[in-house]
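These are the structures, in structure tokens.
Next come two complexes, and both contain subunit A; in the first it sits with subunit B, in the second with subunit C.
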Partner chain A sequence: MSLLRRLGGLLLVAAVLAAGQAVADSPPDRNHQLRPFAVSGDFGTDVVGRDFAVRAVAVRCAAQLKIGDAIMDTQGVWVVVKLRLSARTEPSHISYAAVRDASGRIYQTTDRFDQLLVTGGRSIQPGLPVEGEIAIEVPAASAGDLTLLVASTFVDHRMDSMAEIPLPISDVTAVLANPAPTEVLAPRSAA
Partner chain B sequence: MRGPDSLGRGWWRRNIWGLVAMLPALALMIYAAVYSDLEYWQRGRPSQAPSAADGSAEFAGVRLRLVELAPTTDLKRYGNAPFVPPDGVTVWRAVIEVESPDPETSPFCTILLEDEAGNRYDVNAEELSKARLPLANCRPDTEDPAPVSGRYRTVAHFALATGVDAVAVRLSFGGVDLVRYVRLTLRG
Partner chain C sequence: MLAAVSVTTGRGQLSRRLFRGLLDGVAPQLRWVLIGLVLAVTAGFGGLETAPAEDKSPQVAAGVPVDGGPWRVEVIDVRLAGDLPPLRRQDDKNRWLYVTANVTITANESWTLTKKMVRLSGVEGVLTEEPYDMVLYRDKRVVSRLHPNMPEKVAFFWEQSGDAPVPTTATVLVLGMTYRADSFSSERTWMEDEAVRAGVTVPVLDVRASPGATPSPGATPSPGASPSPGATPSPVPPPRVATSARPGATPTVRTSP
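What follows is the complex of A and B.
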């Protein structure tokens, strides 16, 4: 075998190894590969995930919340979403709810008061849906283009379903001009 | 790539068996890559432990038998007032007889109800949170006298949508066996 042919073989092996490394290094990375399965649906319809279904029934904005006797202000705006949650074939908990704005920033439900409906504190049985409201603080400038995200997983959402529902919010300036406090509906059976 | 060899064969003819061998080699490589995940998934899947012909089952060191599975309306609230479930909800009660050589050391269990469509339900659902309910954990009730015979009953309550029928209960003993469960049905 001539020297040139041997050199060609070595170069070919090196090229294959380099190509393999390039494929391994190229996006999407591991976290992106294992990202949640997005299940999209319209506002007002049931969006069905692996072990739950969620319907965004109503949405409103407020400058203040009234939780018990406490009034809660915000530097942005409160987005209050009424949800109807159902379990599919076995008891389920919803442990994550958030909104994503147009630039991809995520805002989770506030922890300034208990929101058991979406923090894993409410067990939902099949056939026995639960209704209630959740509240999320967002910058006023982001409120016009929000997508609701709901999952039954708490922190690690990889390889599981996540519902995505666009929220029909138009103008929040009127809400901010008239900061009347609004109450947040506690979870209740909707069977 | 060289030209024809002394027998006149081109590159493809010379390497045909190597190319054919690549297919099973590729299949083996993929199988080896997913084998550990597949085995882990299969070993973690809940599986049903065998039960006897009379519907009872021996599992986790105790003998279990379902003696009642029916809707109930006689629950009480704390304070003894009658408990009325939310609209559209029917309360089901399962009574399981447990026979243990030593009730003091009987393992704790988790009980699920199964309906005719295969859906599962937790004991003591949120819809029943205002009712006074037993713990339903396969242990002797501390309010009752200690069972002398080694035989006692554990009672579980479930919330189902009205119109849905329950058909079985599933019991698992996480402290004894993480993946197997016992499925009990009523036998005449």
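What follows is the complex of A and C.
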């Protein structure tokens, strides 16, 4: 009897451990549990995150950028998005901007020139919105289905808000055929 | 035999002496039988096979793509250069060694830790393990971020002491990362591993006499020479080092539509 009770105890412990492992292995996985809180909104409207609001005002594509005196080409296409950013209740910074294509690949803003608006370099005060443009290079084939991602966090986006705004880009063929360089608007007060 | 055991010794020593004494008492040859038995058992699982040599990363030729996990690196060549302003050497006698490579980000998102991709081996007097900087050939500017599925030709720079011998060959080690669950948080992410994915040994091309052969920042006009009229002062410095120490000044954007 004693042996049976011991065996039963061992089996019970094994069953509890197996059940725990099954729960841990079952979806959603840890990455999914800790994913950013997506705040979706339409192009041209304010999308409000935890500590900021962002509005994608305009978007255009270009084969080349003119930054100062430099002309910057790309093997893909430049996506230039005009943003209007505002802080909610406390001074804030936007430290991350990217686009996600239809296959899930994420392209961050280029670091080939400074983009202070979305790299934490521009302090945004409540009630004093800031606007400016950002530039991201993507493969031309990806440009037709892009979603803009904006967050105030720099690297660790876990369990914090991230704005998601679909970008209305239809065709980049004409842009690539006419590679006229375009300038990028620096951050400025929009109040 | 047991009488030889001292009760003043530690517990571990007591156990060992007691066990040895019992073995000798029961059968003096038993310990050798046991050792032979252990060897026989381990031999069945390959215990007596020749151990593989350590740190034998595969060698590949220049131009062969090497998969590093989130990146794929194709080493083209290694060159030796002298002064490359505005890159700033610690000593005027020092030299620059740079590796030219085609790099493709195979991860799902833009990659910023590009200095983790390669190391230089077989060269004396290299001042840093990581590359000092990475320059994009496309516009001769220092960058640290590359984007998925958009291969770029880049150069990784190391400073070499002028007191060290001029290298004739160098081995470029392509490092790698593994996408796996973190042991503590269970989050799946790209983790550094110690393994070198491949080594590429190539001759070092000395281009000190032909500076035009280098991705010199002077090869393109520097936007920093004509600063944008209203570059916005920033309370937080941008994530770059001073442009005076970089091979490409960081251009600024215009301030009016």
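The criterion applied here is as follows: the second predicted complex is superposed on the first by the 174 of 191 C-alpha atoms of A that agree within 3 Å, B and C clash if a C-alpha of one lies under 4 Å from a C-alpha of the other, contacts with A are read in each partner's own complex, and residues count from 1 in each chain.
Heads up, the rule we're going with is that a residue touches a chain if its C-beta (ideal position, glycine included) is under 8 Å from a C-beta of that chain, and two chains touch if they have at least 3 such contacts.
All of these numbers come straight from a predicted model, not from anything done at the bench.
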After superposition on the shared chain, which partner residues are touched by A:131: those of subunit B (first), subunit C (second), both, or neither? neither
More residues of subunit A are touched by which chain, subunit B or subunit C? C
Where does A:51 make contact in the superposed view: on subunit B (first), on subunit C (second), on both, or on neither? neither
Contacts for A:110 in the overlay, against subunit B (first) and subunit C (second): which applies, first, second, both or neither? second
Is A:89 touching the first partner subunit B, the second partner subunit C, both, or neither of them? first
Touching A:122, do we find subunit B (first), subunit C (second), both, or neither? both
Enumerate the residues of subunit A that count as touching subunit B in its complex and touching subunit C in the other. 122-123
Which positions of subunit C touch subunit A when the two form their complex? 108-110, 112, 136, 138-139, 141, 143-145, 147-152, 181, 185-189, 220-228, 230-232, 234-240, 250-257
Which of the residues in subunit B end up touching subunit A in this complex? 86-89, 112, 115, 117-122, 125-127, 158-162, 164
Note which residues of subunit A are touching subunit C in the complex, please. 24, 29-31, 34, 67-70, 72-76, 93, 98, 104-108, 110-116, 119-123, 132-133, 137-139, 183-188
Which bits of subunit A are touching subunit B when the two form their complex? 89-91, 122-128, 130, 189, 191
